[in-house]
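Okay, so here's the structure we're looking at.
Chain nomenclature is as follows: A, B, C and D, assigned in order of appearance, with residue numbering initiated at 1 for each chain independently.
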Amino acid sequence: MSLRLKGLAFAFGLMTALVGVTPAVEAAGGEIVIASVQGPPSLDAHVTNAQVARNITLHIYETLYARNENAEPVPDLAEGVSVSDDGLTYTFKLRQGVKFHNGKEMTSADVVASIERYRKIGVSPALVAAIDTVSAVSPYEVAIKLKVKQSVFLDNISSPRAPIAIYPAEEAAKGANEIQYIGTGPFKFVEYKPDSHVTLEKFADYVPNPAYQKRDGLAGKKEVLIDRVTFRFIPEAGARTAALESGAVQIVETVDGPTAERLRKDSKYVVHDVLPFAFQVIKLNHAQAPSDDVNFRKAVQAALDMQEVMEISYSGINQVDGGWVFPKSAFANDAGLDQYNVADFDKAKEFLSKSSYKGETVTFITDNLRPNVDIATVVQARLAEIGVKVDIKVADWPTTSKIGFTKTGWNFWTHGFGIEPFEGPGTVMSAFVGGNAQMVADPEIDRIAKEFYATLDDAKKKELFKQFQQRMYDNMVAIKAGNYGLFQVTSDKVKDFVPFRIPRMWGVTLAP
Amino acid sequence: MSMLKVENLTTVVGSGVSAPSVLEDVSFTLDAGEVLCVVGESGSGKSMLALTIMGLLGFPVRRASGRIILDGDDITAGGASAWRQRRGRDLSMIFQEPMTSLNPIMRVGEQIGEVLRMRKGMGADTARRRAIELLERVEIPAASSRLAAFPHELSGGMRQRVMIAVALAAEPKLLIADEPTTALDVTIQAQILDLLRDIQAESGMALMLITHDLGVVAEMAHKVMVLYAGRVAEMADVETVFDAPSHPYTQALLASIPSLDSGGDRLVTIPGSVPGVGLMPKGCRFAPRCPHVKDDCRSGPPPLAMLGPAQRVACLRPFGYVRREEGRV
Amino acid sequence: MSSLDTNLAHEALPERQSPFLLFARRLLGNRAFVIGGSLFLIVLVLAVFADQIAPFKPNANNFRARLEAPSAMHWFGTDHFGRDILSRAIHGGRLSLFIGLSVVLFTGVFGTLIGAASGYFRRLDNILMRIMDALMAFPAILLAITVAATLGASVQNVILALGIATTPHTARIVRASVLVVREMEFVEAARALGASHMRILFRHILANAMAPLIVRLTYVFASAILAEALLSYIGVGPPPPAATFGGIIANGRDFMVEAPWVTLFPGLIILIVVLGLNLLGDGLRDVLDPRIRV
Amino acid sequence: MRDYLLRRLISVVPVLFLVSLMSFAVIWIIPGDPTAAFLDASSTPEDVARLREMLGLDKPPLVQMAEWYGRVLTGDLGQSILLRIPVLSAILERLPLTLLLATLALILAVGLGVAAGTFAATRRGTWADQSVMSLALLGLSVPDFWLGLLLIVVFSVQLGWLPSGGYVPLLDDPLGWAKSMVLPTITLAVVQVGFIARMTRSAMLDVISQDFMRTADSKGLSGLYIILRHGLPNAMMPILTVTGIIAGALLGSAVVVEQVFALPGVGRLIIGGILSRDYPIIQGGLLFLTVIYLLINLVVDLLYATIDPRVRLE
């Protein structure tokens, strides 16, 4: 194993040496360099749901179904699906002539092997939890039998979270994080230099899905008009911007508000406001005093000025919105919103006096991402006004998440919910099912979610979601601070870039 | 014309008009082939005189006035770099402490060779051969194998021989040796002095030998200069100094030589010590220690008066006169 | 303070002044000490009287006045919380100096104990020094980052991390002094008179190891302030809303181009404090023990 | 000489053992595990447990430790959990950059520091001496990361002369490589220039006052030659000592500079390893840095003997 990997590493090294750095200006195609904050933990799409990984892996791999511009599941590697009358068997018809990067054609065997692998080691097992069996019906047909009816099955199979990417069967036979990066996507993997960059190049034999005329979310017609794309990892914000301004990179994945404002005035750059991109959520621990007390939780909500919270952490790219779906969603409603963004200290003190809070220090944990620390800092200052003493514990993500996944050691924990609102209300709810985020199961939430997943009726779903949102406020399960977005900046040489969940590099051209 | 003519040399510490002097108004001449011994206690300015002539004074000591004329040229006139050109070639010096005067991490051959190459323009091979000759000349056995030695591998006497070889390398007209044997064993001292005398006689260069050992003076000198507290107390040829010392200080020095006929039971020492720099009395600097001091001694510095054809003394009452005066009282 | 003692003896005779006065006079005659001391004193006074001096509350957010450029109202501008940077910097001195001082105490106590034990009790020497070697070989800054990043950023952890990182070198310095002193005659004499180990160690040996130790600790103070800034910058310094010099810089790192004042001014203050401490150290070194270098 | 080397190498063993124990202690103390890097906050504890098993992290610590020592003795530092390559390969891949950066900074620091210190020593007490030494003191009082940020703002953003970060391999684009190394090297060197300049000055002052320097002067050799040929070599011992200390410190500082300038060096590898709890990387990386540190010490000691023939290796 290690011998082969050594060989592989050597081959990569050789490749780098031979290929070298392509000059920025070329007759056609060219190379786009994207400045990202950090590198991916893995390029094995099944084993990570980190956003940094997704940004890259969704260029290399594809799924049977994928989310379109409106986050709805549409066919990608599949031509379509037929669902049996009992709603339990999904038969996917595969597109013919789809090639893996190793030249092999994709068949049902690869699909079965990949889904089986995901069931075994995929990091979001909930996505495939309903599956009973997966089988090849013919070389181009795969049947998936479910244990129970699931309204969100296609949502799951098309989820970009930790995508159920289709690998060649022989790769799918390998363990977690041990595969070679071979997919069917429009780009193929060239090299990964940790802490430096990942380079992908145009997959020459890629056949865009003939069912589509144009780019559509993560599906649609994926036509590659450039030769290469490199994701370069630059942790320092100033250095990322400087790289853009010096022409070393053409796209910056995210810049801060003041930088965006400045670059917007410069015609050499296009600033894309990707808003909303995620929820900013302050999780509340119902298993630990005093946040186990609903009146205390309500006091916290009442004390906060969400405009202040959002404007400090995500200046110029936020929405003060308390809905538990994005505002443009069909599920958007105003249930419970009278309790959102009250910013009333008197009311907060009233709730507090009804609570069991006795002046103890409460713990706010956060990872060291600046906006998250900012939010903790603002909350701390606000709560000080009503006499609640907050201790902020900043640690790195592994430590913080370790604490945050347990019932003790924290009262508040803030971070973004990115993929959940993108995937839709079902996924948002699932975060609170069984006390997942709040550490104590809320029977009302669990009931609503169960009914939601079982029904196929849209009107019923909307009604259930409204109940969910009302419950989120009435029991103050968690505090949604608002929505935040990303400023993505492209050089004016980059044409036809349309921002999405990931910086899609298909359909994009590079002016010389 | 004398080869070396030093005129009114004054060396001070620090800057400004009132900077205290360590050497004041020193003048003398030295001919080729002559040996001048400079004697005096520590602090008398012997070494300062050597360094001043060499142009090696280090901050904050500096030459305030006076000329140093070598072969008719005033070497003080051309500035530091011209002076530097003189060093090694015209002027050369051997220092008191052979243990520290050689570069500890440079091979002996190179320390000689660099003078030959950089000051005589020799090539590496010629310089090497010449270095061996020099080592042989200073009577170092197995000279060629010593070229690669480091100073710490040599004995003190050997090191001083190397120093002499270094000093002789560029065949100087004037060699200044500052107490070259003080740090050595008595037996070695004699060898080194013999060597110096031989070389001096052979090459005809002038030798300025600084010492506090009057035995050495008797052995080596043609001329003697007695320094006290930075001033010349007495200057004379060697016979005169020993026969008719005229400055009370010279007398005291001579009296302090332990001699066999004094029985060794009484060692004459001079009471008191040389005044520190900047603490000099206004008049005769020896006045506070002088047994014959009178009031007028304290009024101003006594001039260096000619006492005989080969003797000058800076005393208001040189030996004979004092006696006469005392006799009259 | 062997050299100090001899120096004092040398000068005290004619002047007949108390050793302390003489020592103070020599320090005040040292330019590096005076300049460094003044710089440090200014920052110290600002820190101690921060509540009285700072024009604003250091943690008062005002998102409508975020990232304002320096003005008559906000001399150093504001950060992205709309907090007055001058006020934060003044208060920041308090925590940064506290951390620096605590690290000095930590390394002073442990460095002295370990160094003294190692130098005096020969049997302990090998094992203690091997441990110190290992600690020294362990890259100090990585050690500090590891401790602070993973145990959670807190003032105590920062002090602990920097204390551990600076102790081995201090111990070595103390050990070296002890090794020299323990062979000296007066120690032999004390031993012959039957003084106990502890008494010999503390009364005789350590007193003589003080000079290099004090100088070393001054530099430890300086480097602790630099290191605290670095840890805060990496995101593992004291948690918010605590203002430390490094923390303020870290707050501005994302707006370096647009709001350079957020990083510029606190950085300059660090520079001044560290410069002051280094000068102070130079001055102490010159006066206490001219033999020590750098 | 061979005996000396052998003894030195043997004496390194307990230090390495202690360091490896410490790195294990670090791993046991730090909360969290490598799964966190793979998972976002929406994951459930069950997801975490599953991934732990997948990644083979569910063995008891003592077993892991025993296995690790077993492997290390055969020269195998194990496999990185995230990078999927042997730790040794990961380190060796990054090492050239870190060593290059440290070496460039060291050359710059020693070159500039020795020149400045010598210059100041030869002009002791003058305004030139005082200005140079004030600059040196300023240099060693600057927070290096802050300086790096300022340099980026001025030279990358405002002036656009130099890249703000990222690494260009030397063989791909020599000019680009040179440009990419300028700011990191300066950032890394500034503090050390100050140290070396101060050390050099004081060492040179010592040497200048020594007799053999006067001897050299008495030979009529040029001032520059005397300083370079006689003065500096004799001042080299303390300079070398400081340089050795600095070389060790540079490895640590390189971590910061690699972070600020986005350079893929060993420091960032280890920091990444710490932040993602990639245990084998943390252990291997720390052990490797220690070995380098000890090697530097050994080289310094050997250099002592080369520079000064009086030093005997014992």
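Side notes on the structure shown:
Here, a contact is a pair of C-beta atoms (placed from the backbone, for glycine too) under 8 Å apart; a residue touches a chain by one contact, two chains touch by 3 or more.
In UniProt terms the chains read A = ABC transporter substrate-binding protein; B = ABC transporter ATP-binding protein; D = ABC transporter permease.
All values reported here derive from a predicted model rather than from experimental measurement.
Of the two interfaces, C-D and A-C, the higher number of touching C-beta pairs belongs to C-D.
Taking the mean of each chain's C-alpha atoms, the chain closest to the overall C-alpha centroid is D.
Comparing the CA-atom centres of all chains against that of subunit A, the greatest distance is found for B.
In this assembly, the C-alpha centroid of subunit C lies 23 Å from the C-alpha centroid of subunit D.
Separating the centre of subunit B from that of subunit C, both taken as means of CA atoms, is a distance of 53 Å.
Taking each chain's centre as the average of its CA atoms, subunit A and subunit B sit 90 Å apart. Centroids built from CA atoms put subunit C at 45 Å from subunit A. The residues of subunit A that reach two or more other chains are 236, 238, 241-242, 395-396, 399, listed in rising order. Multi-chain contact residues of subunit D (touching two or more other chains) are listed as 30-32, 149, 152-153, 157, 259, 274-275. In subunit C, the residues that touch at least two other chains are 149-151, 253, 256-257.
Contact between chains, using the touch rule, shows up for A-C, A-D, B-D, C-D.
Those residues of subunit B whose C-beta lies close enough to touch subunit D in the complex are 54, 56, 58-59, 84-89, 91-93, 95, 97, 100-106, 114-115, 118-119, 150, 152, 163, 166-167, 169-170. Subunit C makes touch with subunit A in their complex at residues 59-61, 63, 66-67, 80-82, 149-154, 235-236, 239-241, 253-259.
Looking at the complex, you find that subunit D touches subunit C at residues 14-15, 18-19, 22, 26, 29-32, 137-138, 140-146, 149-150, 152-153, 157, 195, 198-199, 202-203, 238, 242, 248-249, 251-253, 255-256, 259, 267, 270-271, 274-275, 282, 286, 289-290, 293-294.
Partner subunit B is touched in their complex by these residues of subunit D: 124-125, 209-212, 214-223, 225, 229-230, 233-234, 307-310. Against subunit D, in their complex, subunit C makes its touches with residues 130-131, 133-142, 145-147, 149-151, 222, 226, 229-230, 233-234, 246, 249, 253, 256-257, 260, 263-264, 267, 270-271, 274-275, 278-279, 282, 293-294.
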